[in-house]
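Alright, structures below, take your time with them.
After this come two complexes, each holding subunit A, first together with subunit B and then together with subunit C.
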Partner chain A sequence: MATEVLWWIFAIITVAATAGTVFSKSVIHSAIFLIGSLAGVGVMYVFLVVDFLALVQFLIYGGAVTVLILLALMVTRADPTGRPEDTDGPQKPFGVVVGGAIMAILIGVAVSTSWPNDVSDKAHGIPIDTISQKLFIDFGPPFVIASALLLVALIGAIILARHEEGE
Partner chain B sequence: MVPLENYLVLSAIMFSLGVYGVLTRRNAVLILMSVELMLNAVSLNFVAFASYLDPSKIIGAVFAVFVITVAAAEVGLALAIIIRLYRNRSTANVDEVATLKW
Partner chain C sequence: MSPLSFGNHIPGLWAWFDVVIRIAIVTLVMTVIVMYLTYGERKFVARVQQRLGPMRTGPWGLFQAIADTFKLLTKEDLRPAQADRWVFELAPYVTFVPVLMVLVTLPFAKDWGVRNLSLGMFYVFAALGLNIVGILMAGLGSGNKYALLGGLRAAAQMISYEIPLVLSLISVAMIAQTLDLNVITELQHRRPFIVLQPLAFVIFYTAMLSELHRAPFDIPVAESEIVGGFFIEYSGIRWSMFQLTEYGSMFAWSVFGSVVFLGGWEWPWGGDVGWGYQLFLTFLKSFIWIASILWVRATVPRLRIDQLMAFSWKVLLPLVLLQFLMNGFILVYGWPEELLFATSSIGAAGLIGFIVMRGLYRPKSPSLVGAYKQPQGSSA
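Then we have the complex of A and B:
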């Protein structure tokens, strides 16, 4: 019972932070709301008893990615006075229609489908050693390729953002 | 206990808000943030399915790890491109960067 109450509280916080990210007029406020939204997903991983992913979510998304995004926002601010800029384009009505349609379809399908094996209605939880065994034994080659991808992305980002001579 | 449908509905709301953000925002960094929201909604869906329906094979949780990896690489590269764009054109507004548009 207490779990359910806590779940609803955190779900409402997550949705509110997500809405704040998308609807906020100030880019910095958007980034702050994004931290709340990503941390809310991390809390959902805790409710699903997937400790490892919750940890990764808090470290990588709550820490690294949001700091990177805040840094980029501060570097590329068009108006240093902090005046609220025009953040939304003229496509707003279409965005509402498409987003609303996708939301209606997804929620309708999720609620109306009877999921198999869902007898206990309970998250089973995934211990960290199960994940590591899957990751290193069954998914070894993709894991190595992912590390190569990260290295290439790192070098590419440095080359792109570097200040060149004569610029 | 919390049923599986709750997680699915939560992730559907997050995903469609992300779609709205991608379609509506003009600042490239804000579009990137909306893409992050969509990726997170998808990972939440994967992990919820893995934890409720497939606890012996847990493919969904492993997939979420890869989604997080690719998203991290994507954020790093996209922000480098945006900083480059800002240095060359003095704007991060995607409506003003239309050189490749016919």
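Then we have the complex of A and C:
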């Protein structure tokens, strides 16, 4: 009962923050709303009793990715005082097309997938041992390949950023 | 459900009351401790500098903290005309809430905390990572270039030092094979984890100083350079919330650090001496921890920003990865525990030796640990 009330409160907050991300006229405000939106998704994971995923969502998206976005905005010419900016440009129709297409694909996939029917109504948590077993042993090779890819991207970024030293 | 909490056996609505009461107790205790930490810090630093510190308000200045609190609460709450209203006003709350969240899972005595989470350690650094957001909001929303610079420095520093911090905690979690703070404490029955992981401890301590913006890593709030940093425009109650956050997270990190590395309520008396002694033990350890933070603040000069970043990426990160790798080898092949101690203490001795050497001898190049070099003309 109390859980349902809380769910509705957080659902409304999440949707409102997401709408704020899209409709706000200042880039800084959008970035801050984005944090709220991603943290709201994290709270949804808590309601689904997947604690680990929720904490990863807070740590990576709440604490790291959006902070990097804000940090990047600080070193650009974005107006930090939050005054409305002109956000419409010639990219507007393309944005509508891409956004609509992604939404259509996501909804289509979600509707057309045949989800397994044997799940019970009661939520139960997954112990972290099971997650690590899946991640590091059952799906070990993809994990290693993904980390190698990230390492390459990291080194590439450093080389690109440091080329002015005349090496 | 995973075996979660101390209060899980309480059914229904009473569980909510239970949580609210426990949170209220923890928050009140934290607030009082924070009030007296400001007094304690002034006294401690004054003694280090051969001064007396606050002496006039009450015996030995004991009421100074209360007087300061009243002054702050009654001061006018100013908002600059240039500020971005809601970002500016909400920033102190966004900074403070994560610290409050951390207090939920800290075990103060055996079976006494608000709730015991099975992912406790992970929860602590996930929650504490969130208060960068509030600091950035303060920096951006104030409409002041010093605040912006302070926020920028704080974010860069906290993101960089979070990596060695988290990896050093994961090194401990590898040995404990759990993230549950209560179980981690119980495992330290015979020896605290600082014995097995001195290198991880030194790295954790350094990175924690940086996360707290304490000296020598206090460049985001450096008075002489950017006149106070991200909270320059705040006054009255909002400023005091930033102070509350700073000292509250110092307290939270100290309890957390003494639980993970110093054995919390378990070592050296064991688990059945009653909660009174355990509470005393936890607080004693965390106050020693806080005193060491103040000691460092009173004696070590501030680093430059390039030195700070270089130290994180070129010294702490490789060392913590080495610790991580070494733990992996020893644990996978089941080598004896003494080997963990041996390898880690060699690493810790190396790191401390390196820091002392750098302090004693002037490096040949003006850069401390290989700072960013200016381009030599040729390429633009």
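Here is the rule we use: the second predicted complex is superposed on the first by the 123 of 167 C-alpha atoms of A that agree within 3 Å, B and C clash if a C-alpha of one lies under 4 Å from a C-alpha of the other, contacts with A are read in each partner's own complex, and residues count from 1 in each chain.
In the analysis below, contacts are C-beta pairs under 8 Å (C-beta built on N, C-alpha and C of every residue); 3 or more make two chains touch, one makes a residue touch a chain.
Given the structure is predicted, the values throughout are model-derived calculations rather than measurements.
Engineer: So in the superposed three-chain picture, is A:G63 touching just subunit B, just subunit C, both, or none of them (first/second/both/neither)?
Structural biologist: second
Engineer: Just to be sure I read the superposition right, which of the two partners does A:G125 touch: subunit B = first, subunit C = second, or both, or neither?
Structural biologist: After superposition on chain A, A:G125 lies in contact with both partners, subunit B and subunit C.
Engineer: With the two structures laid over each other on chain A, which partner does A:P141 touch: subunit B (first), subunit C (second), both, or neither?
Structural biologist: neither
Engineer: Determine, for the superposed model, which of the two partners subunit B and subunit C contacts more residues of subunit A.
Structural biologist: Comparing touch counts on subunit A for subunit B and subunit C gives B.
Engineer: Give one of first, second, both or neither to describe whether A:I32 is in contact with subunit B, with subunit C, with both, or with none.
Structural biologist: After superposition on chain A, A:I32 lies in contact with subunit C alone.
Engineer: So in the superposed three-chain picture, is A:V49 touching just subunit B, just subunit C, both, or none of them (first/second/both/neither)?
Structural biologist: both
Engineer: Quick one: is A:A2 in contact with subunit B, with subunit C, with both, or with neither? Answer first, second, both or neither.
Structural biologist: Second partner only, subunit C.
Engineer: Looking at the overlay, what does A:M74 touch: subunit B (first), subunit C (second), both, or neither?
Structural biologist: second
Engineer: On subunit A, what residues does subunit B touch that subunit C touches as well?
Structural biologist: On subunit A, the overlap between the subunit B and subunit C contacts is residues 49, 52, 56, 64, 68, 71, 73, 75, 124-125.
Engineer: Could you please specify the touching residues of subunit A with respect to subunit C in the complex?
Structural biologist: These residues of subunit A touch subunit C: 2, 26, 28-29, 32, 35, 39, 49, 51-52, 55-56, 58-59, 62-64, 66-68, 70-71, 73-75, 80-82, 124-125, 127-128, 164-166.
Engineer: Please give the residue numbers of subunit B that touch subunit A in the complex, ascending.
Structural biologist: Subunit B residues touching subunit A: 1-10, 12-21, 23-27, 29-30, 32-34, 36-37, 40-41, 43-44, 47-48, 50-53, 55, 58-59, 61-62, 64-66, 68-77, 79-84, 86-87, 90-93, 95.
Engineer: For subunit C, which residues count as touching subunit A in their complex?
Structural biologist: Against subunit A, subunit C makes touches at 1-2, 13, 16, 82-85, 87, 117-119, 122-123, 125-127, 129-130, 132-133, 136-137, 139-141, 143, 148, 151-152, 155-156, 159, 162, 179, 373, 375-376, 378-380.
Engineer: Can you check the complex and tell me which residues of subunit A touch subunit B?
Structural biologist: On the subunit A side, the touching residues are 3-4, 7, 11, 14-15, 18-19, 21-22, 27, 30-31, 34, 37-38, 41, 44-45, 47-50, 52-53, 56-57, 60-61, 64-65, 68-69, 71-73, 75-76, 78, 85-89, 91-92, 94-96, 98-100, 102-103, 106-107, 110-111, 115-118, 120-126, 130-131, 134-135, 138-139, 142, 146, 149-150, 153-154, 156-158, 160-161, 167.
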